[in-house]
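Here the chain labels run A, B and C in written order, and each chain numbers its own residues starting at 1.
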Amino acid sequence: MKKHWHRRHIVEAIVKALMMLSFAIVAGSLGLILWTVISRGLPALTWSMLSQTPKGGFYLGKEGGILNAIIGSLYLAGGGTLIALIFSLPIALYLETYLGDSSWGHYVRLALDVLWGIPSIVYGAFGFIVMLALGLRASLLGGIITLALLELPIMTRAMDEVIRRMPVELEQAALALGSTRLEVAARVVTRQMLPGIVTAILLAFGRGIGDAAAVLFTAGFTDRIPTSLMQPAASLPLAVFFQLGMPYPEVQKRAYASALILTIIVLAISLGSRWIAGRLSKYVWK
Amino acid sequence: MAKQATPVTTKINHEEGRHPRPSLPSRRRQDRNAGRILFGITLLPVILVALITLGLGIRFWPILKVYSFWELVSGVVWKPEEGHFGFWPFISGTFWVTIVGAGLAVPPCILTALYLSEYARASTRAIMKPLLDLLAAIPSVVYGVWGVIIIVPLVEKYIAPFFAKYLGFIPIFVSNNPTGYGILAGGIVLAVMIAPFIIAVTYEVLTTVSQGLRQASLAVGATQWQTIRSIVIPQTLPGIVAGVVLGATRALGETMAVLMVVGNVPQVPHSIFDTAYPLPALIANNYGEMMSIPLYDAALLGAAFILLVIILIFNIASTLVLQRMLGKRWV
Amino acid sequence: MDAHIQVRNLNAYYGSAQALKDINIQIPAKQITVIMGPSGCGKTTLLKTFNRFLELTDDTVITGEVLVDGQNIYEKDIDVTEVRKRVGLLAQRPFPLPMSIYENVAYGMHIHRTKNNRDEYRSAVRHYLEVAGLYEEVKTRLMSPATSLSIGQQQRLCLARGLAVEPEIILGDEPTSALDPISSQHIEGRLLDLKKQYTTVIVTHTLRQAKRLADYVIFMYLGEVVEAGPAKEVFNDPKQARTRAYLEGQF
């Protein structure tokens, strides 16, 4: 039974090699992207980039920073996530505790999947139409509404996934003790699912803060930090895009730094949500 | 005669140490009302889908009154100031980039998913998950920056000349575009962007094959690859295809990253080294002038409508296939 | 004893938990050996070391030697697929491959290219279906899906499939526990017929089945072999107290 290299062994070895190569390509791509952003962005990252808004001539290479975009993005994604949450959580809870396997539940889930697949540029165009109809101009509010629409299916799907994994025994135990379905949803399900729900929220927030196409038409752009919902708001992705498009190397370097800031924020959210979910798992029944 | 036993009732004092609970009838009413309100909220996703489709369709309508749908979709000239609205360069550009992107992504992603599902140990899988999550979280603009810094020069200095020199007899590899901006650069960036998604879905589909089935094959002395080829893949092929199609629909709608590397020249492409101008890029680049030229807004929002319809069709079809494969729900 | 399998100093661990402790036994050739014991004693674990299936589970460590025909199957350069061709396994639940009945039986032969042309394959498939006692029931529908068979028929199909690669040893992991009594009886009948050609090792948790089938018995408890010997000796005059307790139904 010593190994003779039959054809099937050779084929197996080749396939295994290809698989490891593919694995390396995928892992390597992440590494390459991060390395590119860090190596170009870090040298151009200065404290003033983070703490100042653009002064005159910023886009020609003079002083200032992208504080307008940082704060603008936080307002936009924060507002959008909040509004999406108000609708997401009830929808997800209702789907699980009331609808379960019903065919209406099936249609709602299909609609959510469809919404999930709609690209952000289409949400941007739709947001634009809504704003025109409401008489709004490009503003913080417009951007928030559009981001809320974009984030809703993402958040709801993620929450639905978590809630579906809810051990049925827990629900049944609560119902057996005499709770109504509403009470089961509000008290038992939410607490058990808390880490998953937080992860879903952060996931949607991360998506919203990184999106350019949805806010392109609807939030506008400005060098100032918005003080009211009706004012236009700058966003980090657009700040990166506009700076990169300028023909001045000085400004392009700042674009890399802005991209680095955006990447750090998004990665911090992604890694941070894992950590928070771990911490919140204290009450979770495994 | 024995005494009639009186039933023993224990009175549970709800007041001690707890806040008083509302009576049962009012809790039931609460439950029903909540049920009604919440049911209303679940109408929201369905209403949104209808609203978005209708909204864009209504804004598309004005231009459809002037030109026929076929004229618009097959027209090759795009000069809005002169009233020429030919969508074909953008539609074909969209498909070129998407197909190149999906084509580049599929082999490594399927192989990676197979490796994770059939060969890798639990510890390897544990590293992959965060890695894929990170890749998926990176914003579109950052991919675009990476594309401009690394991929475009790569295409320009190494890939395009190599293909011109050794494979120049194949038409789709020949182009008179001297820059690295073009379909291939867009395809490479897209491939990396949709990779985490395709790997995740393919992996989920592969895990639906029970271990007992794999072991039945191994027990007669098959190698793992023979098992994969004869049993695992035939069982899961529809799901894998659906996952790839779904990944491709995500590539269809990608805006920023593609816009930054694809060249944005409104012509019908003939080679992977040509520039292209996909529909999302068209909409994103020109929204500023939307209201200034007559029918321009209807044209651009119509482009969004066409994009939406294409995506809806592929999306629904592949979602239904995947739902059937993975049970009612998938990750 | 003419030993077909020899086990020397075998230890097996699932992670940090030890499942097999210092196993040193021999399996006689061309007889039915039954490994019996209460659940969790390691009988299936031991069985799975014979065809190198144990290593398919994550995090397992195996030390020691398992010799088949004098050769240690855990040696470095051994071809695992060759081992599994020689040592067949009939699993607890039948898993028909998603193909026709014919293709199920022919599967192993195709993998190892043991036959040369269509006719040889066809007659081999027929032969092994007959040996498994299934041919008469399926001869008119060899090309229909294997999943259309009843569970008892499926298990016989799996037996035919396993025999088609011409193993020397048949392993059975509680092969009748998922079947109804009639199908169980059928499988037991087949195994008794086949013992003249194949060395057979069966794991069972039913004492009655052990008594019906065994020529040689291995009794295990908590990962150790407590007693091993010819069936008549172990059943009628067990030397260990634990064996006696088990035979009396104490656990």
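Criterion: contacts are C-beta pairs under 8 Å (C-beta built on N, C-alpha and C of every residue); 3 or more make two chains touch, one makes a residue touch a chain.
A quick note: this is a predicted structure, and the numbers were derived from the prediction, not measured.
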Farthest chain (mean CA position) relative to subunit A: C
Pair of chains with maximal C-beta contact number: A-B
Length of the line joining the C-alpha centres of subunit B and subunit C, rounded to whole Å: 47
Whole-Å gap between the CA centroids of subunit A and subunit B: 15
Separation of subunit A from subunit C, taking each centre as the mean of its C-alpha atoms, in whole Å: 53
Residue numbers of subunit A (touch at least two other chains): 8-9
For subunit B, residues contacting two or more additional chains: 222-223, 226
Shared-contact residues (touching 2 or more other chains) in subunit C: 81-83, 111
Contact set on subunit C toward subunit B in their complex: 51, 53, 56, 58-59, 81-85, 88-89, 91, 93, 95-98, 107-108, 111-112, 158, 161-162, 164-165
Subunit C to subunit A touching residues, read off their complex: 68, 71, 73, 77-79, 81-83, 86, 111
Partner subunit C, residues of subunit B touching it in the complex: 121-122, 210, 212-213, 215-223, 226, 230-231, 234-235
Contact set on subunit B toward subunit A in their complex: 27-28, 30-31, 34-35, 38-39, 41-42, 44-46, 48-49, 51-52, 55-56, 59, 107-109, 111-112, 114-115, 119, 130-135, 137-146, 148-150, 192, 195, 199, 222-226, 246, 249-250, 252-256, 260, 280, 283-284, 287, 300-301, 304, 307-308, 311-312, 315-316, 319, 328-329, 331
Footprint of subunit C on subunit A - complex, ascending: 1-4, 8-9
